[in-house]
Structures are given as C-alpha cells and as structure tokens.
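Right, I'll just put the structure down here and ask away after.
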Amino acid sequence: MIQRFRDVGLPIGLALCWIILFSASTAWGQPAPPTHVEAVDTPNDTGNSITVRWQISPDDKAGAGVDGKMNVVGYHILRSDDPAGPFQLLQEVAGGITEFRDDDGMAGSPAYYYRVRAVDGAGETADSETVGPVKATSEWFHTGKVYILIAVLLYSAILVYCIYHARRGREFFVRRIAGLEAVDEAIGRATEMGRPILYTLGLGGISNIATIASLNILGEVAKRTAEYETPLRVPCYDPIVMNVVREVVRSSYSDAGRPDAYSEDNVFFITDSQFAYAAAVDGIMIREKPAAIFYQGHFYAESLILAETGNSVGAIQIAGTDSDAQLPFFITACDYTLIGEELFAASAYLSREPLIMGSLKGQDYGKALVLAALLVGTVLEIFGVHWVSTFFQAAS
Amino acid sequence: MIEKLMSLDRRYVFALVGLAVIIPTLLMIRFPIYVSQPTQNIYDFIEGLSEGEVVMIAFDYGPSSLAELNPMAIAVLRHCFRKRLRVIGMTLWPVGATLGDTLMREVAHEFDTTEGEDYVYLGYRPGVTNVLLQMGEDISAVFAEDYSGTPISEHPMMADVKNYNDIALVVDLAAGASVEGAWIPYTYTGYKQKIAAGVTGVIVSQLYPYLQTGQLVGLMPGLLGAAEYEKLIEQPGKGTAGMSAQSIVHLLVIVLVIVGNVAYFTTRRREQNAEVY
Amino acid sequence: MRRQVPLVLCFLFGITMTIQYYVPSRFSEDLKSEVLNWGLIIGPFALVLAIATLVRLHYTRIQRRSENWPYSIVVFVGLIVMAVVGTVQGFTSQGISGGPFEWIFNNIQVPMDATMFALLAFFIASAAYRAFRARTLEATLLLVAALLVMFGNAPIGDLIWQKISPVRPNLPSEVRQWILDNPNLSSRRAIIMGISLGAISQSLRIILGIERSYLGGGE
Amino acid sequence: MSTDIGVWIAAFLTLCIFSFLYKDNPFYKFAEHLFVGVSVGYGIVLTIHQGIIPFAWQPLKNSITGEAPLWRFFVTLIPVGVGFLFFSRLMPRYSWLIRYPIAILIGMGAGFAIPRAMETSIFEQMNGTLRPFGVINSLSAGEIIGAVLMLIGVVCTLTYFFFSVEHKGIVGGISKLGIIFLMIGFGSAFGNTVMGRVSLLIQRVDFLLGDWLGIVG
C-alpha cells in the first residue's frame, strides 16, 4: 500500500511542483519563450539572406490563450557569430509574427547563430534555445522553376520538331486570316486613290516581340507598296525601332527591285512621349488623308485616339496587337483586326517561308497540349487530385 | 431624318458628351441618390460617436484614383469635423502621403479646428505588416513624428491615443488591395478594430464578402459612395456632380447606341421592302 | 561578318537571358541588371539619330516653305527651350526636380498630355455610336455586353432598376460584374495564353536565326 | 478667375487640344507642334541626366579616378561601343555594322521573353482556371456555373486560335463559340472603360471651370 503510494506519490508530487512552478512563471515573471525556432538559408535567392522561423510563445496575445497569460507583445531577433554569444539585437518585431528574413551582413557567407526572445508588456523577456550555425549561400538553379523549365523545353522541342519537318518540305495548311487578305485590298485602294499609306508600330521597344512581328509585316507591306509606287509613311515612337524600320523598308524596296523609290524621309521619328505621338499622328492623318492605315504592334490608351481619327478620314484600317486591353477599341474602330496570336501568325504567314510556317504548326500543338492539360486537370481536380494545378503553380 | 441619324456627324456626339459633363459640373445637378445600406452603416457609426472620439483615415491611393476617392475623403472628414471628432490621417502608400496631407488640411480649415488638438496627419512608413501591427501596441513606436516632422508627443490629442484601443473606427480609402490584404488581416483580425472602407468602383465587388461576414462596418462604392455620403451629410460636392456626369454620359452612350440601331433597322427594312416591290 | 556575326550575337544573348531566369545566384542577378542598364546606355545613341530625322523633317519644311511650315518653328522653339533649360538646370545643385524645368513640364506638357488622354471620352462615345450596330450575331453580342456593362456601371443604373422592378435592387451592377468575371475573363485568358505561345515561338525563331528580317536584306 | 500665369497657359493649351474635336485648325496645329517639341526636349534632358550621366559617364569617371574598380571601365565601355555602332548608318560602306546592336537587343528581348511568358501568362492563367475545381465542394451553385463557363470559354476561344486546322465541322462549331466569347469579352471591356475615360474628362472640365475660371469650387 505504502509502496504503491510511493510509486504514485512521487510522480504526483513532481507534477504538482511543476504545475506550481509553471503557473508561477506564467502568472508573474518570465513569459514562455517562442518554440520550434529554426534558421535556414533562404532557398532560391542570391545568397543574401537567412530566414529565421519560430512558433509564437504560448503567452503571445495572438496565441488564443491556450494556457498563457497572453501578454507577449513582440519578439527580438538576436544574432551572434559565436554560439556562446554575445548576441546582438537585430530586429524587433510585433507579436503574432513568426518569420524574419535577415539580409544584413551576408557578404562572404559568414556562419551565424540565432535566438528569438519573447518580450511581454512588462518588459520581461525569455530567450529561445540557440540555433545555428547557418550560412547564406546562393543557388545555381531555382528549384521552384523546374516546372517552367520542363514546359519551356517541351514546347521548344515541339517547335523545333515542326520546323525540322517543314525543312523537309512538308506543307502545312493555314486557315484564312481576314486581316491578312485585306492587306492587298488596302494597298490597291491607296494606289487607285493616289494617297499614301500610314504604318505605325505602336509604342513597343525593339525587344518587344509584337514590335518584331510588326517589322515582319511591315517588310511585306513595303515590298508591295514599292511595286505600286505608293508612298509608305512610318512615323516612329521608339528611336531604336526607327533605325531598324529604315533598314527593313530600304531592303524591301531593293528586294522589290525599286531601291530608287525608297525615300528616307518617309520613315521618321516623332517623339517618345505617348500622347504627343498620338497628337502628331492624328495631325498627319487629318492633313495627309492616307487611304490605308496599319496599326501593328504594342499599343496603349492611344489606340482609340488614333483609330477614331483614322476612321474619320475614311481610311481602310487594319490593326493587330498583343495588347489585350486595346483589342476592344481596334475591333470597334478598325475594319480588320488581328487578335493577339493572329499578329504573330500573320508575321509568319506573310513570309511564306516553310521554316517559319512550320513553327505555326508547333504553336497549334502547344495549344492542344494546353487544352489537354486543362481538361485532364479539371477532371483530376474534381476528384481531389491536384497534380496538374500544382504543376502550374508558378514559383515566385 | 432617319438616314441622317445613320450618318450623324460625330461632332454632334462630341457636343453631347461635352455638355453631359459640363452642365452637371456647372449647375451642380443632383440626381436622386439612393443611399445604399453599406454607406448608411458608415454614416450611422460615425454619427453615433460622441465628441472627442477618434477616427483614423487611411489614404491608401495615388493620383490616378484621386477623382473617385478624394470626394469620399472630403465627405467623411467633413462629417467627423462637424461632429467634433478627432481625426488621425495616415497612409500605407508612399504616393498617398502628400495627397492626404493637403486634403486633410483643406477640409480642416473649413472648420474651427487646430492641428494637434483636432487632427494629426502621420504620413507614410514603409512595411505594411509591421506598421499595422505596431500601431496596435503603440502608435508612437511607428510614427514617432508626424508628416511634417513634429514629434507626435507634442500633439495634445495624442496624449490619450496610444493604440487601436483608443480609436473608434478606421476608414480605409483604398485603390488597391489594402482593405482585404492589410487592414482586415492585421488590424481587424489581430485587434478587433472596427474598420470601414471606401474603394474605387473597380474593386467594390471583391469586398462584398467581407461586408457579409461583418469584418467591415460599411463600404462606400466608388464615386457613387462619395455621392451617397455627400447626401447623408447634406453637403453636395464633387461626388454628386461627378456622379451625375458619369450617369448622364453612360445613359447618353446607351441611348445613342439604341437610336443608331433603331435607325439601322428602319432603313434596312425600308430597303428590303423597296426590293420586294 | 555581315550576317553570321549578328546571328551568333543574337543567339548568345538570347540563350544567356533565358538561362539567367533559372539561376538565382548573385552573379546571375548582377548580370541581368548590368545588361538591362545597357539599354539605357545604348538608347541615347539611337536617340541622336532619331532626333536628327525629326530636325531634318522640320528643317526641310521651313526651308522649302512647304505647307504649315511656321509650325515647324514651334517644334524647334519647344525642343530647344525645354532641352536647354533642363540640361542646364540639371547641372546645378537643384537637379531636374522643381525649378523652371518642372514649371514648363507642369504647365505645358502635363495639361496637353491630360487633354489628349481626355479626348478618349469623346472618341469612345463616337466609336460606340458608329460601330455598335446589330448587323450580325457577333456584333449583337458585342453591343449587348457593352450596353449591360455600361448600364451596370452608370451610378444611376441600379436606381432606375429599382424604379422599374421590385426584385433584386442591385441587378444591373450584379449583371455587370458577372459578365466581367465570367465570359470576359475566360476570353481574355485564352487570348493571353495564345499570345504567349505565339511570342515564345517567335522568340525561339529569332534566337535560332530562322527569322532574320530585322537584319534587312542584302549582304 | 486664376491669377497664375501657368494656369492660363495650361488652360489655353487645353482648349487648343480640345478644338481638334471640331476640326483641324491653327490652334491645334500650334499645340500639337509645341507638344512634340517640348516632349522631345524633355526626353533629351532625361536621357542626359538620368541615362548617360548616371549609367555611362559616372561609372567611367569613377573607375578612372579610382572610386570604382578598373573592370567597371571596360564593362561600361561595351554598351558605349555597341551604341556607337548605330552611327555606322552614316557611312554607307559600313552601314551593316548597325546589325550588331540590333541583333543584341533583339536577342536579349527574345531570350528574356521565353521563360517569363511561360510563367506569367500560361502558368498563372492555367492555375487560375483550374483552382476553382479543386474546391468545388465549397462553392455555391453560381460559382460552379461560373467555373464551368470559364473552362468552356477558355477551351472555345483557344480553339479559335488554331491555325493549321480548317475551321469546319466540330472544330468550326467550337471556334464559332469561341468568337462569341471573344465578342462578349470585347464588348464588356469596352463598356467598362467608359467610366475611367469620363473621369479624365471630368478632371479637365474641373480644371477649366474651377482652377482657371473659378466658377465651380
């Protein structure tokens, strides 16, 4: 009996002691320290930070009051290059916060030790255990981007395969693109009326893919205007693009056998200010009354200012842009509009080069893959399998 | 007549649009305004406060949304000053800093108010999360000085305003995600601080859910919200005028499109009939 | 030298920028910001040539007394005054903020900028009036969607609705929101995906040297 | 009425631009040409003080005076040299040299675009379309219809963009449905822009009637 009491009594006594000690420490004196403190090298960064994480002190006011007194108002992050200290205060953060990114003094990747100190309203503190050492290192591959790499490689492989096939002389069918068929009509009309053609490439810079597509289309348009001797006016917004446009138009005129008909004065820079450009192009339209106007490239809000003015002078207008916000305005105000991808397709189609046409086929395979992923993904999602949506969760 | 409508010179359209904006601005035309419940809730809450209580206004927007949110800010500020409440201004947007300062001073000057006693403008501090959480403990820890550099301890009104406990309501005027991304998760969830919002028309619908769950006291939708509030405080301003202009232009375009289509179908039917006979 | 070297340069720079995306290291980030700065250094050289074309255009107009030639003088006055004031002021301790440079900018360039932008209020109305005709099914859908969204957007839309119908006081704005969130967003998503597939394909053609029209013709 | 000369100039130029709505006229021509001139002047100033000086001149100078390492000098010299190649246009014999800077810039743009277009356009849009189906149990009937409609819309519209398949039969039908989604999308986007554009006009009218004439407060 006594023996049994001893067996039970010791643990009970110890437990009682603990309860008294614990409640004493929570009712007055130190707050409970934060728990589960860890310090890790921040992944996928340039090697300029260490991330410190912890779980809030049970006494944190955001701690839902499990058994704490809920008066911890903040944490101090302490750092040292020696586990024995001294530790220096790096940063104070408010209560409820559980993560801190240290990006101070990381040059040369020194090793650091961390502690997180809970601070309560009365100024009492409690330190966590020390963690470390940790070094900030940089990585050579961003692991969060592996899916994007896979997608890019897969799509590129498809494109290259299609181009390779086209090289061997396989012909592809290409559906009709209404805006393209109108190009000849527009040029013909300008010739008949003896009025110029206006071509604008929008506001994109030379690195903009839409601008490059537009340059291809311009090259073809220029070849035809050269044949008909119709003046082709190209007011430019970007200085670098202007220089490229001159090369493209000049070589189109030589290709068409009419190098003499090319005049440098028809390709000119106006200004690199959006609305000043719009004001000046409006002026040109009103005064020169072009019979056909091309808007191909990347556009912003000036799209409708240009297209409405162009419409008021009675020109045939053919637009094409990848700026999805401007498409509604071109659709309403222009006669023909190349919608988004059609702009790139047009630039490929006009070239009539089999290799480039081949990549159009590749684009279609790309779309087919996207469609398949969408349908499969939807079915899987409904059944609670999130593989596909996880794949497409882009890393930041 | 109908053929004329079909090929109406666009300058008539221009003239109508111009008049639709100028006349309401000039004559301060007031359309009947139906005050929606969420706006009414904000008004009722502020109306229910007693003299000397503190309202915090966050100017979380930039110049591009000024047309919609400034009228709202003016109306709410007028209501507060008229009720002799004390107002603290601040912003989470760096570009909102000057804008809020100018506006608060302008409205404060309309009333018999003293800076430091009736209002303080804190300005901007970087780090959204930290700013909001710190203010829950001690405002002076984040804003040791106000926007013009005066230590806030020198402002008499800040003597008894330490943190959210001393603030009756936060009104967030937002052009971005500051309501659902910052004030609700940190200030409401962390400190149970009452929050009301006034936002641009584009993002109103994103915030309806928070209204239903009671995380927001009230919500003012865009220029319309400003007009509603102006009606409640019985002092029409840019919101009322701008809303009339917006309404008239929208209805004008709708009517023009309908007229154009009626004309189109009438002429087409006439042409078809002509072909038959 | 004339064709091969540019193609090789294009390939090298293209591949480097693609790979850079996957590498988060310090060196890679430095390389990216360095190369992006290049644009700022290369740009001015092209700008000199570009402005030369503008000057030539207006100079010939003045010289030939062609139509509207006096306005070409206005271009020169604006250009020279702004450039001289700003450049000189920029070398003083004040820099280019404030002072006469900002005064000209705020009182001449800004109001014209804002007014050109505001012309859109007129053009959007005239475009709608002219083009929104129910000629085909597609045109009808375009027009109906636009009208519903406009009615829902008009501050007075809901109020008018409440006068006509006792049910669902906010129906017009709810309809507007539904259209914007559903059919509108889905077509935009598809457009955006199509564009990026097209853009990637075009980029690849450029890097591989298959598409080289930007080099111009000839040797 | 305003006593600030700047406000008067701004008001005059505002009216000049608005006069274009009636027809082309000397006032508009004046404003248009002034606008072009001033904006190019502004561009020149920014190019000098925020482009050439901080990014080319300072690094070159600092590396000579020893404030920056010497390799900086050569690294900065690369783009300067590339930029000079633009002037080759002025010498017909060497005009092909201009292809070098252009090839570099275009190559950079193309390389930059590939992974980023994949991430921001395709990955994010796919994820956004799929995500609602993962939480389909917690959605309301309206939201489920929305998600299904979204899927149909994306599939049909994307089908419209197929180039190498003839649009007839089933493909034709689906792409026709895609056009319908496109048109509703364009119409609603158009209608949704009116508000913003009118706000811009209200702001100009406020400036003229308020800041300038002082008729309205």
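Here the chain labels run A, B, C and D in written order, and each chain numbers its own residues starting at 1.
In this text, contacts are C-beta pairs under 8 Å (C-beta built on N, C-alpha and C of every residue); 3 or more make two chains touch, one makes a residue touch a chain.
Everything quoted here is computed from the prediction, not taken from an experiment.
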item	value
Both-way neighbours, i.e. chains that touch chain C and touch chain A	B, D
Relative to chain C, chain with the most remote C-alpha centre	B
Which two chains share the largest set of C-beta contact pairs	C-D
Chain centre separation in whole Å, for chain D relative to chain A (CA means)	14
Centre-to-centre distance between chain D and chain C (centres being mean Cα positions), rounded to whole Å	3
Approximate Å spacing (C-alpha centroids) for the pair chain B, chain C	29
For chain A, residues contacting two or more additional chains	145, 148-149, 152, 155-156, 207, 209, 212, 240, 243-244, 247, 270-273, 275-276, 279, 287, 327, 329, 331-332, 339-341, 345, 360, 363, 367, 370
Residues of chain D engaged with two or more neighbouring chains	17, 20-21, 29, 31-32, 35-36, 38-40, 42-43, 86, 89, 99, 102, 105-106, 108-110, 112-115, 118, 120, 122, 126, 129, 151, 154-155, 158, 161, 182, 185-187, 189-190, 193-195, 198, 201, 203
Residues of chain B whose C-beta touches two or more other chains	10, 14, 17-18, 21, 201, 223, 246, 249-250, 253
Touch-based graph of the chains, sorted into line, ring, star, complete or other	complete
Chain B partner contacts - residues on chain A that touch it in the complex	62, 73-74, 93-97, 312
For the chain B and chain A complex, residues of the former touching the latter	10, 129-130, 133-134, 136-137, 190
Complex contacts: residues of chain C adjacent to chain A	18, 21-26, 28-29, 39, 42-43, 46-47, 49-51, 53-54, 56-57, 60, 67-68, 109, 112-113, 116-117, 119-120, 123-124, 126-128, 130-132, 142, 188, 191-195, 197-206, 208, 210-211, 213-218
Of all residues in chain D, those that touch chain A in their complex	17, 20, 24, 28-29, 31-32, 35-36, 38-40, 42-43, 86, 89, 98-99, 102, 105-106, 108-110, 112-115, 118-120, 122-124, 126-127, 129-131, 133-134, 136, 151, 154-155, 158-159, 161-167, 182, 185-187, 189-190, 193
Residue numbers on chain B that touch chain C, as the complex places them	8, 10, 13-14, 16-18, 21, 31-34, 201, 205, 222-224, 227, 243, 246-247, 249-254, 256-258, 260-261, 264-265
